[in-house]
Amino acid sequence: MKHLKPTRSDLPFYGSISLIGGAYVALLTLLVLACASFLTWETFTETLQSPAILQSLKLTFLTCTASSILALFVSVPLSYSLSRFRFRGRSVIDTLLDIPIVLPPIVVGLSLLILFNSLPSSENSLERLLNGQGTAVTFHVPAIILAQFTIITAFATRSLKVTFDQLPERTEHIALTLGCNRFQAFWKICLPQAQPGILAAGLLAWARALGEFGPILIFAGATRGKTEVLSTSIFLEINTGNLPGAAAISLVLILLSLSTISLLRFLGSRTSNN
Amino acid sequence: MKHLKPTRSDLPFYGSISLIGGAYVALLTLLVLACASFLTWETFTETLQSPAILQSLKLTFLTCTASSILALFVSVPLSYSLSRFRFRGRSVIDTLLDIPIVLPPIVVGLSLLILFNSLPSSENSLERLLNGQGTAVTFHVPAIILAQFTIITAFATRSLKVTFDQLPERTEHIALTLGCNRFQAFWKICLPQAQPGILAAGLLAWARALGEFGPILIFAGATRGKTEVLSTSIFLEINTGNLPGAAAISLVLILLSLSTISLLRFLGSRTSNN
Amino acid sequence: LWALWPSLESSQNKPSLTVYCAASLRSPMTEIAERFEAEHDITIRLVFNGSGALLSQLQLSGGDLYLPATADYLDQASHLITATHPTSSMTAVLVLRGEEHNILALDDLKREDIRLSFAVENAAIGKFTRQVLHDSEDWAAIEKNITVIKPTVNNTVEDVSLGAVDATIAWDAVALQNKELKIIPLPLFANKPQTTSIAILKSSTQVKLARQFVSYLTEEESSKQTFRKYGFGSVAAD
Amino acid sequence: MLSIESISIESGQFKLKDISFTVESGTCTSLMGPSGSGKTTIMEAICGLRKITSGTILLNNQDITHLRPSERKLSIVPQDNALFPHLTVREHLAFGPSIQKWNQSEIDQRINHLAEGMSISHLLDRYPSNLSGGEAKRVALGRALATRPALLCLDEALTGLDDDTHDEILSLLKDSIQNEGITALHITHSMKEATQLSDKVIKLGDLQPNQAP
Amino acid sequence: MLSIESISIESGQFKLKDISFTVESGTCTSLMGPSGSGKTTIMEAICGLRKITSGTILLNNQDITHLRPSERKLSIVPQDNALFPHLTVREHLAFGPSIQKWNQSEIDQRINHLAEGMSISHLLDRYPSNLSGGEAKRVALGRALATRPALLCLDEALTGLDDDTHDEILSLLKDSIQNEGITALHITHSMKEATQLSDKVIKLGDLQPNQAP
């Protein structure tokens, strides 16, 4: 349809669509500008050269990638079964999935801290058990990943359920007649058709993980060089009244993450546009 | 297919799906229990009877509902045009949409504060202009709604774009031959088919708005009885060391929001299952 | 939806004060502000956050009063404020969960098996305790036991109360909010109470009203009582 | 009268060049040709659903080449039906008329008339997902006929029907075309059907001397 | 041999009761009947895609009533094709054989043989969205034939094809059925096609004395 010029009766439609959408996009642009208005060139270059920031940048990308891969690994089967199977407790599970979205992230962090350290008692806790095995979660890198994972899996599952709900089951059924078992029908027929949706969910999860800081501060701390990620660095800068520093790290975060996401989205659209 | 018993070759598939999904659901349940372990019956009933909490409950539901309606109003046309039209700057807009997801919410709040109060200068700011007109945003209820709206619109748009991408354009084209202009084809053909996706996006936005507190603390403050919403109450309780209080409010939040969401989802599935 | 606007308009007619208040002072300040509002028919807008985050906020949006948890932040904000008035004080103490680790004094924190939570250097408590412990040459031995660094004093107290660490050094007022915690006074800090002061901001458009509230806060007996009730020490009047 | 004047169409690798033909008002022309020869492509181009690289389309002496589909006063029964999943059969039949703001009693009358003609009266409250193949085809036909279009495009609109239904609908179509002066273009693979319904049969191979294989 | 023994099917409001018939191995039986009479419903039930409330289905003396579709050794050409949007034509033809773990050279041979028989060799690298109606039908046919199923279910599998292609494919199907001993069930509306391909024609109305209108 893209070849026909819009007629007069379509103009109000295009006009109001662009106006509404444009207003929000303008708001976003203004927000970035507002954030950048506090930036000075020196703080920006300083930030880029600070070894602590570079270290936390590395940790940020590593943990976010790990947690979003884990999140996809869980949310793909979870959303698939919520979409395709009718089993006892299905709607309860569907409802439980809203908890990490509804709860302030800080409560999620606190709950994780309680779960690992004071249940059933602080002498008998999961963390003590793990420490006995020579590992540790609380206040270490695994805590970052677990905190991110807990929250983003719920977002990824919600997003993926929309995808699977909209994919017709019919092609899977035909695959069954051709000799597939349920796993093969899922793997060879449903999953490839869901690929754009899975990419979108994965990117959403990754992006959401980047912005997470509440639960990380509580469950992993913000020990420099050990558990400090970019979002917690930003929080600490704001908490010391250092706005230029916070603006600089925020812009680094925006630039790096948006370019990564655009690149992945571009690659994804190339492979699915066969 | 639900009438046929799974054969042996399908058991590993069902097994591993339930295992993976079940592990996450168990984690969520444990989190709620961990949170509840700090609860005493007295704090819970006290919380339910406290006029300040009831007031903030009311404000929470009102602002979240307002902001998610606004968010749908913006994200439906925005995601529709991103999905259907190829225009200049489309991929830039698509990328900008990730900003509110990537940025730590607290930075969003700070940017809003800067935008309204210190651009171009604090004497000449938007807020001053509004004050001159007899209204105010910063530190008032509209700031809560604006902070929530800024963030959840991005989530709703991402979720809706998946929906529109998966809806075939063909039926809209046929509607055009029957005399529809683009708006009518959108309104009468595309939108009703997208209804489950719109409901899902709206609920996601609403849930996400409930959990928001970083930008609200910064842009709207948390004055008791005026701009205190449940999520900020929880943050403040935690910050004054009152964990039982925080747990009580969190559980109130979970109970009320999950039942609201389940109800809406149930009503939505009834209307679309014609 | 429009139900949300009237509350805004009614508050427009009254004079109002914006007070940036450290989250740890929330309980006493909410009480006192509500009393003051009732007595004087004005609106007090309390903006809570960490002391540092408040500093960021007030740089951007102006306001009338700033009450950070410790005086340090007032030094940082010196170019934004006119006068400061002490309201209450806090003392650093050793905070434990129970008897389990047999910690009785500062030296016990240097033992092998102890886990500590400490606030970041930028937080008031973090800066203060590091300074004092450096001077007394205890810092090196204690530092090696620090398991986690948290952004605010509240977070470190939380860690102790949840059993994630064994001890922390925190403000008595903050620790006292949690009844289950055990508090041990430390001789090293006992004679160094830190004053919490409220400052009038240069950006204030209602200086007179602000002064009125400050004197209510610092001089009225009911206010002092409220501070004491929540574990804050009193200060000698200027 | 529909007249196609040397239109060329490109869709992906597939190209059609220099297609010309005319269809008189009140008559039907059948378009035949091997599978994949471009019949559907031509029909969708006439409806404005595919891009035309050159040439002109005139309908009743009006140049519709660059009009939007909604302004061409035509309707199509697509090969794949493309029913609206969220509308009942009744709403399908009412769709065109109500977009064109007919008044309610006219619409109701039209629905009843078409539903009887298509033998789908018992299906009026069904949704497309609950229809059989032939039932869906008839709904698509009814939807297209409802607005009394100037041009009716039938893309294998009569396949998948049993003989009785086929004959009934064929005669209903014939009547509509003659009585309402509709111009009809009809794609079919059945020579018998073509000769029954239409006054002229065009073989696609004949139109296009230099078609790519 | 396929034998259907008094099966009953319910799908929504539509009910079929007490259907029985048999099809000999190496032969084809055509199922005819008015549109909406339940032909597709019966066929999908045989394939295990719809619930049977009572009755038994035997294929080559094995009771397949409660087997999963994958264990029934049959394949179907659905009325709506239901091609896999993410696979090329070649991958459609290879799908069944590679699931059944044929070795690669056998698969390649089978693909070439089928593609030639269906005249779709030039389409092997296309995706379904770029196929015409008749081309898609032939791909669905090829996909179903590929695994040499014991039972072949053809739901209007030869509609939408031009006469030449139709005849070619008809004879290919006839050969396969006879030579490979396939049992075939065929739904069509064309009596001519039915008599050409099959040894027996079943009218759905005759099977079911007490059908709801």
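A, B, C, D and E label the chains in the order they appear, each numbered from 1.
Here is the rule we use: a contact is a pair of C-beta atoms (placed from the backbone, for glycine too) under 8 Å apart; a residue touches a chain by one contact, two chains touch by 3 or more.
All values reported here derive from a predicted model rather than from experimental measurement.
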item	value
Smallest count of steps, each to a touching chain, taking chain D to chain E	1
Between the pairs A-E and B-C, the one where more C-beta pairs touch	B-C
Mean-CA-position distance for chain D and chain A (Å)	48
Centre-to-centre distance between chain D and chain B (centres being mean Cα positions), rounded to whole Å	45
Centre distance in Å when chain C and chain D are each reduced to the mean of their C-alpha atoms	77
For chain A, residues that touch 2 or more chains besides their own	1, 6-7, 10, 110, 114, 118, 173, 176, 181, 235, 238, 243, 246
Interface hub residues of chain C, defined as touching at least two other chains	50, 53, 56, 60, 152, 158
Residues within chain D bordering two or more other chains	48-49, 68, 80
Interfacial residue positions of chain A with respect to chain B in the complex	1-2, 6-7, 9-10, 12-14, 16-18, 20-21, 23-25, 27-35, 37-38, 73-74, 77-78, 80-81, 85-86, 91, 93-108, 110-112, 114-115, 118-119, 150, 153-155, 158-159, 161-163, 165-167, 169, 173, 176, 181-183, 186, 196-197, 200-201, 203-204, 207-208, 210-214, 231, 234-235, 238, 243, 246, 250, 253-254, 257-258, 261-262, 265
Complex contacts: residues of chain D adjacent to chain E	12, 32-36, 40, 79-80, 122, 130-135, 138, 156, 159-166, 189, 191, 213
Chain C residues touching chain A - in the complex, by the definition given at the top	50, 52-53, 55-56, 59-60, 73, 76-77, 97, 100, 117, 120, 122-123, 147-152, 155, 158-159, 162-164
Chain B to chain D touching residues, read off their complex	170-171, 173-181, 184, 188-189, 192-193, 195, 274
Sites on chain E touched by chain A in the complex	47-49, 68-70, 72, 74-76, 78, 80, 82-87, 95-96, 99-100, 127, 143-144, 147
